[in-house]
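Consider the two complexes below, in which subunit A is the common component and subunit B and subunit C are the respective partners.
Our next item is the complex of A and B:
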């Protein structure tokens, strides 16, 4: 029988790191400009797919880059930085290619319908929003917001991954690397879905009024991730 | 943006309670039958695990259908991914801690996290869907049954750790499914099987039997892939799993196609695209 209390007592820091990672993912999703199905028809600002797909795409890339760095070094800072940068590159490329589709394919200028002036470039937005739409493309503020969001997601994901792999259970890392990664992926999806329910599926970035709702999702993610973190630590610590 | 969903309760010919019983009882009975019969009769009985997973998939697809009909705002895939995300966490924990009661523990803990997430969804995130708590609980539990069932079918056992039986080392789920990364295949297969049926059939003319026929068909595909993986594991036999999977897929697909034809307003053959000469 597994000594549950002993394992939990030994790995309090791991549980804290995993929970923090879940919160960071949840916060990061609020920054990513997701437009959902309307954006796929260039009728809303953001990339035309769901939160879960975008966050998962960026987050999983972050896990891969973090895992690759883990081959080379044990330095926590480097591994987490690698995960963060990987996720940022992935979300940037996704937004850039989406942007090209909107500008050269659909033929619409990137414009936000939520604010009159872009908070970063101070460019006028409302003049360029086509009638009957809620904006289109990825304006500068949304783009920068998306990079921040991808970075936070990658940071959280690689933190969870690193924390799970640093559990000392007397086995070589290769024996439980699969479990740690799939557990991190599972937590990533849970923490990507919770904020996407919070924002109702679409958000433009940090300048969107919906962004102010993030404390609710952070609270929900905190509770859900904390429960899951205990389970993960017990499962891996007891191996 | 609410992707699909009429904003109300879904009409159902089969009551959800029957499907819950089908999913939980059917799923667990098949999983335990697979475990014991593999030891008694031989590795070829491992296909029963995938049948248990199909019970979970059908139940999960039905629960997704009910909750997504209210309009989640994020598209149907999100809740399927949530289900499998919770399912995988609970499965790893349940199987690692539980031993012989592992599958039951996995279902219980998946329900627990599902309950908490559903409660948070309604109370903290203000989603306002009346059946949210019940549905996330059901979907998460169905996800756990799907993962345990497919893992059992791949490994021939649901024991997490390697065991020594009669002097032979029997590899557990951790060694055969998790370590080589087949769990990622289970992850995405299970998620798609649970979320796809309603996602593909939603709309004003959505019918329960058509959606569930699609769920059976997805279960058949998952079973075939499970069988392919099982061919390389010592305690599970892939051939029977693949054959049974193909039969289930064929029957379910025929039934699904029959219902598609029944519900369609008109079916007309458009013929091939006109050739260059005909266009001129």
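Our next item is the complex of A and C:
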């Protein structure tokens, strides 16, 4: 018989860390500038792919670097920082090469249709938006926003992974790592999907009006991750 | 591990990643997958029937994650039974390729059949000529991802199991291919009949180019064009991701001391700052070279 109450009582901090990680992922996804299908035709500002896809791609790359770091050190700060930086490298490389596509392959300058001036560089935007489009490419504000978003995703993902690996159980190490990493990936997807209801296909980054909707998604992620964390802790702790 | 050995392994992983990125993008161009396929799907409804393969298995990240995870699982099972690693990786990629081939044919037939009312034919010769090409690219992509994952585990000591690592790299390569190379296909190749140098006007949606350099255009013509820029650029992006994210921990080995680990993090931050500066330079150059599309009304009024 599994002592559910005992396991939960022993792992309260783990549940808190997992929930916090989920909230960070959910917040981070709002920062990532995605344009969905229209961006692939240079019809909308941002990267030409889906919200969940890009956020998951970056965050999971962070999870790979965090997993490697965790293998060689117990320093929590270092593990979480490596997850963050791994995700930031992935997303900044992707956005840079995407930018090259828009500039050299399609021949249009990066421009935002949501703001008149770029909030970071103060460059005029509306004049550089071609006819019949909602902007194109990745202007500097969106680029920096994307890096922050990728970083938050990597931070949240690696925090969940670290917390899961601190649960006491009777599993051999290899199986424990396998289960913890799959659970971390699963929670990542849960929290990458929830914000996409807010984003609805396209968002340019922190300067986009849709960004202000993030508290709803954060609340939803808090509830979903908290419940998932309880299930995960009981499942892994009871093995 | 010896730093020199680590760098050698990393160089091999970077090379495999570059090939994987290029083949992933070209595979999605031959079969027309992901976001640009929305236009291929829309074209018959706007009275532009075409001979382009219409394959949207799913978004590129889940589809690549699926084939990589299948390949990784088959390879792991074979290795447990005592097979040599290289044989296991090849057999795993082969099985993944067969699954991908099946998944490619069904959406082409299904989607084209659903557009019968718009007079979109199902071309059997397109299935015969394109499906082996799609499967071939899928094999190369899966094999390279499996090589990267296997090297990470066996040489660099990564703790994740092979199928999971292959799954994660599958998601990452799909996200990168969909974000970079597909723009060249979707925004340029599909709409070469409009003037170069702007995004697609929403009024022109669905009006894709249907005539090729010779004859009627198909998916292989598209991959020929995208192989000049979109494919290699995707390879460059994925190669950079795999190489740079590994490079910081190979050069500043955190297993020696935590101080070196923090130096690895600082090196990562410096890389990101350089990339931000590079992106800004491209943005400024593009604005200067191409100029604005519209005249500033405020200045004209004054």
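As a working rule, the second predicted complex is superposed on the first by the 235 of 239 C-alpha atoms of A that agree within 3 Å, B and C clash if a C-alpha of one lies under 4 Å from a C-alpha of the other, contacts with A are read in each partner's own complex, and residues count from 1 in each chain.
FYI, a residue touches a chain if its C-beta (ideal position, glycine included) is under 8 Å from a C-beta of that chain, and two chains touch if they have at least 3 such contacts.
Small disclaimer: the values here were computed from a predicted structure and weren't measured.
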**Message:** After the superposition on A, what does A:130 contact: first (subunit B), second (subunit C), both or neither?
**Reply:** second
Query: Looking at the overlay, does A:73 come into contact with subunit B only (first), subunit C only (second), both, or neither?
result: second
> When the two structures are overlaid on chain A, which partner does A:187 contact: first (subunit B), second (subunit C), both, or neither?
Replying inline: first
- Message: According to the stated criteria, A:41 is in contact with first (subunit B), second (subunit C), both, or neither; which is it?
- Response: second
Now for A:217: first (subunit B), second (subunit C), both, or neither, which partner does it touch?
-> first
Could you tell me if A:201 is touching subunit B, subunit C, both of them or neither one (first, second, both, neither)? first
Q) Of the partners subunit B and subunit C, which touch A:144 in the superposed model: first, second, both, neither? A) second
Which holds for A:26: it touches subunit B only (first), subunit C only (second), both, or neither? neither
Task: Which superposed partner A:235 touches (first subunit B, second subunit C, both, neither) - done: first
Residue overlap on subunit A between the subunit B interface and the subunit C interface 36-37, 50, 53, 56, 174, 177-178, 182, 185
Interface with subunit A, subunit B side, in the complex: residues 1-3, 72-75, 77-79, 81-82, 84-90, 92-93, 96-97, 109, 112-113, 116-117, 120-121, 124-127, 161, 174, 178-181, 183-184, 187
Per the touch rule above, subunit C residues touching subunit A in the complex are 34-36, 38-39, 59-61, 152, 156-161, 164-165, 167-169, 171-172, 174-176, 178-184, 186-188, 190-191, 196-205, 229-230, 233-234, 236-237, 240-241, 244-245, 248-249, 253-255, 258, 261-262, 264-265, 268-269, 271-272, 275-276, 278-280, 282-283, 285-287, 290, 292-296
Listed in rising order, the residues of subunit A that touch subunit C in the complex are 36-37, 39-43, 47-50, 53-54, 56-58, 60-61, 63-65, 67-73, 75, 78, 81-82, 85-86, 88-90, 92-110, 121, 123-124, 126-133, 135-140, 143-144, 147, 174, 177-178, 181-182, 185
Touching subunit B in the complex, subunit A uses residues 2, 4, 36-38, 44, 50-53, 56, 174-179, 182-183, 185-190, 192-194, 196-198, 200-202, 216-217, 219-220, 223-224, 227-228, 231-232, 234-236, 238-239
